[in-house]
Amino acid sequence: MSESLVLLGIIIAASSGVPGLLLGRTSISGQWVTTFLAVLGAALGLGGVVWFWATGESHPVVLQWSLPGAEFRVAIDGLSAIFLVPVFLISLLGNIYGLGYWKQTEHPQNGRKLRLFYGTMTAGMALLVIAQNSILFLFGWEIMALSAFFLVTTEDNEKEVRETGWIYLVATHVATLCLFALFAVLHAANGSFTLGPLKPETLRPGAATAIFVLALVGFGLKAGIMPLHIWLPSAHAMAPSHVSAMMSGVLIKMGIYGLVRITSFLPHPPREWGILLLGLGVASGVLGVAFAIGQHDLKRLLAYHSIENIGIIVMGLGLALIGRSLDRADWIILGLGGALLHVWNHALFKALLFLCAGSVIHAAHTREIDRLGGLAKVMPRTSLCFLVGAVAICGLPPLNGFVSEFLIYLGLFGTLMNGERRSFAGSSFAAPALALIGALAVACFVKVYGAVFLGTARSEHARHAHESPPSMLAPMGVLVACCFLIGLAPLLIAPILQQAVSAWAPNLEVVGPRLATLAPLVWITVMGLLLIVALLLGGAVLWTRLDRRAVEEGVTWGCGYVAPTPRMQYTSSSFAQMLVGMFRWVLRPRTHQPKDLPLFPPATSFHSEVPDVVLDVVVLPTFRFTAWLFSWCRVLQQGNIQIYLLYIFLALIALLLWR
Amino acid sequence: MVPLLDPLLIVALTLNFVALGVSRIRGVINAVALQGVLLGILALFVHPAIGTRVILLVAVTVGLKGFVIPRYLVHALREANIQDEVKPGVGSFMGSLSLGAVGTGLAMVFSDTLPLAEQHKHLLLVPASLATVWTGFLMLTTRKRAIMQVLGYLLLENGIFMFGLLLLEATPFLVEVGILLDLFTGVFVMAIIIHHISREFASTSTEHLTELKG
Amino acid sequence: METIFHDAVHILLALGLPPLLLGLIAKTKALFAGRVGPPVLQPYYDLIKLFQKGSVFSTTTTWVFRAGPVVGLVTAVIAVLMIPLAGATAPLSFTGDFVLLAYLLGLGRFFTASAALDTGSPFEGMGAAREVTFACLAEPAFFLGMLVLAKLSGSLQLADMLGSSLASHWTADGESLVLVLLSWFIILLAENSRIPFDDPNTHLELTMIHEVMVLDHGGPAFGMILYGAALKLFVFGALVVRLAFPRTGGSPWLDWPIFVGGMLVVAVAIGVVESIMARLRMTHVPVLLVAACLLSGFGIILLVR
Amino acid sequence: MTLALILVPLVAAALVFAVPANRWRPWLMPVASLGHSILVVFALQGPPVRALGGWLVLDPLGKIFLGFVSVLFFICSIYTARYLNLGHERPNRIFCVCFLLSLSMMTLVILSHHLGLMWVGMEATTLAMAPNIYFYHTPRSLEATWKYLLICSVGIAMALFGLFFLAYATLHTSLEPTLLLDDLVQHAPELSHPWLRAAFVLVLVGFGTKMGLAPMHTWLPDAHGEAPAPVSAMLSGALLPCAFLAILRVFHICNAAGEGAFSREIMVVLGLFSMAIGAIFMTGQRDLKRLLAYSSVEHMGILVFGIGIGGLAVFGALLHVLNNGLTKVALFLSAGNIQSAYGSRSTEDVSGAIRRLPITGTLFLAGFFAITGSPPFGPFLSEFTIVNAALGRDQFLAGALFLLLLAIVFIGMGSTIIPVVQGDPPEAAAQPGFRDGFLTSAPILVSLALVLLLGVYIPPPLESLLREAAAFLEVKR
């Protein structure tokens, strides 16, 4: 039942864009029909998931398929249920948001294309999440990847967008090829394309390692784990915002899903893998947020935060793997539970943030943080939503971000607690790193929120911005509600997470510790409510105080300077300057400043940027070098027929002498 | 085996050198033509059991290789009023001649190592064919004139044909004729192309044909 | 009964004592400077006065500016209720409470800094930037210290980590505890923007951190900020005290006075430091904080090596 | 029946030669090839086909190739007819005649079980295609034709040499020299192995030249680049696979003789080398059709590689013949449309194809994704099968290189094709002129639809046929 509902939803979502194609370029009705179908499909999918949770039963749908080794086999288990929720939820909200954000009348060129691929991407992701057969999985995977490519290049008439799309395409195809190899090795190990746990007895020595490494590279490229993140920032920045929300909130999680799924197949993962994942997670987390602090582009900044959060998720997964190799149920539950919950949370607040960013761009026509400012006055609702998202992504109570990080903290500290002295204490060093990540995130989002929404407008556009239409505000509202719900009542989620974890580690005995007993979820609720009540109380106190006493309005105290202008405000770059300086060794910021100015300096300009090191220093040079090498090889084909005939002769000799 | 076989083959081999060494295209054409005729006659000696099939085959071979194709080439030569001097593309005549000599020697040595059937040991046919093939390759890769390359191709075919003589049973008449027909058509089309080339570039040197690169 | 008594005392102390510490610090500094100095109870007078005052709000500000002080105060109050004071379990105590503690303070920081940016004044922006930047280094140091305590106590609850059982470890693993103590004292100075990190009563905005952030606040709002700062000082002070003298005699009549005494000693210590040291150059501040991280880092390494 | 398959196009060619009207002549080609296809359908369903005393046999391999070639011809002939009528009043008599001749000759190659006869057919196809490459009578096309003709003839001569060796290998056995495939396979183990090996090498190099395996591929980019689009499509879609079939025949014998390991090894090496050459020359390639030509080199490499790997990969390779052929046809034909619209093949002049020619542009992009092996298109399935077999049979190095080369190919090809499709078309191309028409886009659409179908669903009869053919090649005696 649940499977059929989800499949129905997938079909409807996939075909949602077609009617729009048939209707005119600027037809409002096409837009409405498409959106309605997409929403319907997503709703059905969510219904299927809820049904699965309610009944807890799953009946795999199996159909014959006349491809070698392929079999149409889909089933929902705890893991796929977890990942299905963001797919459908964010898609649903994103489609509604698109009504106002990407009006067909305003974008006759690409509106229909965008809606079509939005649907197919949703379908592809949902399919790969429930697929139980490698080939079916690959189908879903590639449908998702290609749709994402077309979505990123929605405005392909801009050069920058084309380049971005190209980098994304290369990255995703390399990932796909890694998956080819991965599934081939799996097939060799398991003897079938049906995805299932590996049998230790048939497993060849090197196979498990090969599987893990291939999965790490293939899925890591999609998830954007640190050195593999090259495509991510610009892709998120260039895409339309509700697409960015989908990509950052859901698409990169598909990489995580793959990693989780594959690791669940490995019988006895060596502890080094867990350590490796933990290290990668720390690297992605710290560096991701460090890069984010250096950005001026609102959406680019949010994209780097996706890398950071992926890092946190990977840390949780690594912890779970360590727990698996040491048979520590509590580490598995806390680590994986935290990771999966963070998958949800990140989907929620990152989608929220991207939608808010979309509203900002929609209203102020720029992504440059330093050209915005003072939007809290002109678009109060959006700014409130953004504030909630910001607090949530910093992992601050009483919102959802805190809960997942809390679980991971408990798990990491737990690694200290296993009796003998020199156990896995090393891994507990990830806890301070997580703290560092949190603090950096706070710094970064204070900067963003302050520079974009507070103070006074730095440009005309920002001054004349306007609040977004309800069709854009409503989805944000829903996301805000979800953030509060999970943040205040994590106990509701506990059974779902428990189910997922036991799907990941079946050998985890059923009577083992429960998440609810390992983590004081009730206390989180209590403290959250207490915090909110106290805040209201404090607010009331201040309000009454101000009510009684004289309150005057005045200009900001400029420390004696009487005519402050918007340009005097602290910009985001100056706010970040110290932190960027601390991370100079990896960020390699570039500054263009005037040299030796005269005594009375003329009008001049200062400009600083933080490019992506991995892309600019490693990847692109490698590509250029290879291209140069290849162009050099062209001397082989100089059009001289005598030489060509010689080639034939030489090939003949060479092959004749072959043994 | 018939004693006359080896002398004929030696003549054929010498013709290779003539083809390599002569500086006039006509000369080369004639050499190749004569070799064709020899091949036809060879067929008679290789297969003492002379049947109508062999006779016919010889007739066709001699006719095509010995007369039709050379005539046609000469005609094309006149058509395209190609001047009748050729220089080897790489090195001198001496160079290509000595290369040919080395090749021939190697062919002799190499063919001794080949696991030939009993009746074909001590038979000059195999080395001769290898040597001729080698000569053809040499001509194809060292001559700049398109027409000379055609002749090289013909030498190549001659060499292969020589080997084919060893096993006429394997290749029925129909196939043999088909092969010869293909050969003729090939030369025919090539000649047409050469004609176009000479019209297009006012010369038949393949130096002009290096536009398509990379 | 016991617990109710303890909680009552806890709440009274936690909410009443903090301003006194400020006063004590000021008094100590005055004595060092050879002045009489303000009365020890001066902070209380200030607070009362501020809550009587009216206030001025900049036209650029929004509700965030008003929310800043409230959040700052409320988070500090809740934090103070989570610290085990005299070896007794705090009113709010559960597994992993220290994580929540740290993040609550983070929430407070988020809003005070945002409030500063809300004014659109370059100076306050500067202050906010410094505040959040230095916090980035203080946070890991705090958690590294917590690692040591968690390893020693085998528990993730402040009540046990800073409980009386800690005393026994002073003999076994004293060296790492000393390191943590040092590092936490540095954090205490940094988080409460004390010399050598920041001079609370400097008058040059360019050199301030915390003070410049709250430049535009006045009246009750500023009162809340002051009180919140005092509570924060109390929180970190209590951490240091519990770490330094974890031993408890069992009878509350003994423990509470010991604890209060400890707090006063800490206040005096801060005063002494402020009197004998000069403010660091802003560029050297991170170095000192990194040093704090390294100290507690060595602490845990000594423990698990 | 069998002879009809060969004769129908021949007769049609004669008819076409007779038709005077330049305008209507081309339309006889679709008719003729439709007739051919119908015959093929009967042949495929009907009883096992034998003629000329076992010289012409329709075995499983033949069935696959025959059906495939016939379909391809039909699709292309429609496009060609339209193409020839597009404005240019160039005389097309020779063109149409040769077009149909090549169809008949390919049928001969596919059917003949007498290797000599097969050779005759192969050489004939070479000659029949030459005038069509020279269709435009430009100096460049002249050069291309010359190279095509000479290199292929020399190569095929080598193949003949190889076939003679093969026949010679029988001298050591009881049976008297023969070139009949069935006898050779039957008595394979008795054949003298040195001659057999030499024969295989010679045939591989010889027909490999025709098939476009590096380093004998040199004629291929020139010919594909300069020939009219449909001719390029036929060359890479049908002609190269025929040469592949010829190689398969001899490989079949080697395999039966127990020389499988030797030949497989050579094929793997040669396949990887061809893929590498294709990849190297595709990166930074400015000329669209040359790009596609090098892609053909790469995919011929994939075919040989697949056979070399063996096992399930043979199935994959045979499937890839269909996938690659159909996709190549789609790509070349859409490249033809693009060239007609922009008046250029160079990436400097062509951009924004998807805006200038919405249908062609979209199909071109889809074709790119298909040929680079993205699901859900057919090539994905065949390539994945090959990779899977390679890694499954512990050929880890080969498999890894295969994947690496696929990645390079994707990057190299995409860096040329994506900019062609995306962006805004240059002003020069904005003027009205060539537009997407039904007859110019339908063939592309059909072939891509077939590729997509093969990707998501292989009709059971086809699958059983493929399995049969793979088993047929894998004979162990």
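A, B, C and D are the chain letters, set down in written order, and residue numbers restart from 1 in every chain.
Here, a residue touches a chain if its C-beta (ideal position, glycine included) is under 8 Å from a C-beta of that chain, and two chains touch if they have at least 3 such contacts.
All values derive from a computational prediction rather than experimental measurement.
Chemist: Per the definition at the top, count C-beta pairs in contact and tell me whether A-B or A-D has more.
Modeler: Between A-B and A-D, the larger count of C-beta pairs in contact belongs to A-D.
Chemist: Going by C-alpha centroids, which chain is farthest from subunit B? Tell me that one.
Modeler: Between subunit B and the rest, the longest centre separation is with C.
Chemist: CA centre of subunit A versus CA centre of subunit B: separation in Å?
Modeler: 70
Chemist: Quick one: subunit A and subunit D, Cα centre-to-centre, how many Å?
Modeler: Measuring from centre to centre gives 44 Å for this pair.
Chemist: Counting only Cα atoms for the centres, state how far subunit A is from subunit C in Å.
Modeler: 36
Chemist: How far is the middle of subunit B from the middle of subunit C, if each middle is the mean of its Cα atoms, in Å?
Modeler: Roughly 100 Å separates the two chain centres.
Chemist: Subunit B: which residues touch two or more other chains?
Modeler: 140, 149, 206, 209-212, 214
Chemist: What positions in subunit D touch 2 or more of the other chains?
Modeler: If we look for residues of subunit D contacting two or more partner chains, we find 143, 146-147, 150, 154, 221-222, 281.
Chemist: Between which chains does touch occur?
Modeler: So, checking each combination of chains, I get A-B, A-C, A-D, B-D as the touching pairs.
Chemist: Quick one: in the complex, what on subunit A touches subunit D?
Modeler: Going through subunit A, the ones touching subunit D are 65-69, 135, 138-139, 141-143, 146, 153, 156-157, 159, 162, 165-166, 169-170, 173-174, 176-178, 180-181, 183-185, 187-188, 623, 626-627, 630-631, 633-634, 636-637, 639, 641, 644-645, 647-648, 650-652, 655-656, 658-659.
Chemist: Quick one: in the complex, what on subunit D touches subunit B?
Modeler: On the subunit D side, the touching residues are 114, 116-117, 119-120, 123-124, 126-127, 130-131, 134, 137, 139-140, 142-147, 149-150, 153-154, 157, 160-161, 164-165, 167-168, 170-172, 176-179, 192, 194-195, 221-222, 225-226, 281, 285, 290.
Chemist: So in the complex, the part of subunit D that touches subunit A is made up of which residues?
Modeler: Of all residues in subunit D, those touching subunit A are 143, 146-147, 150-151, 154-155, 158, 198, 201-202, 204-205, 209, 215-216, 218-219, 221-222, 262, 265-266, 270, 277, 280-281, 283-284, 312, 315-316, 352, 369, 372, 374-376, 380-381, 383-385, 387-388, 390-392, 399-400, 403, 406-408, 410-412, 414-415, 418-419, 422-424, 456-460, 463.
Chemist: Provide the residue numbers of subunit B that touch subunit A in the complex, in ascending order.
Modeler: For this pair, the touching residues of subunit B are 89, 137, 140-144, 149, 206, 209-214.
Chemist: Under the definition above, what is the set of subunit A residues touching subunit B in their complex?
Modeler: Spelled out, the residues of subunit A in touch with subunit B are 634, 637-643, 645-646, 649.
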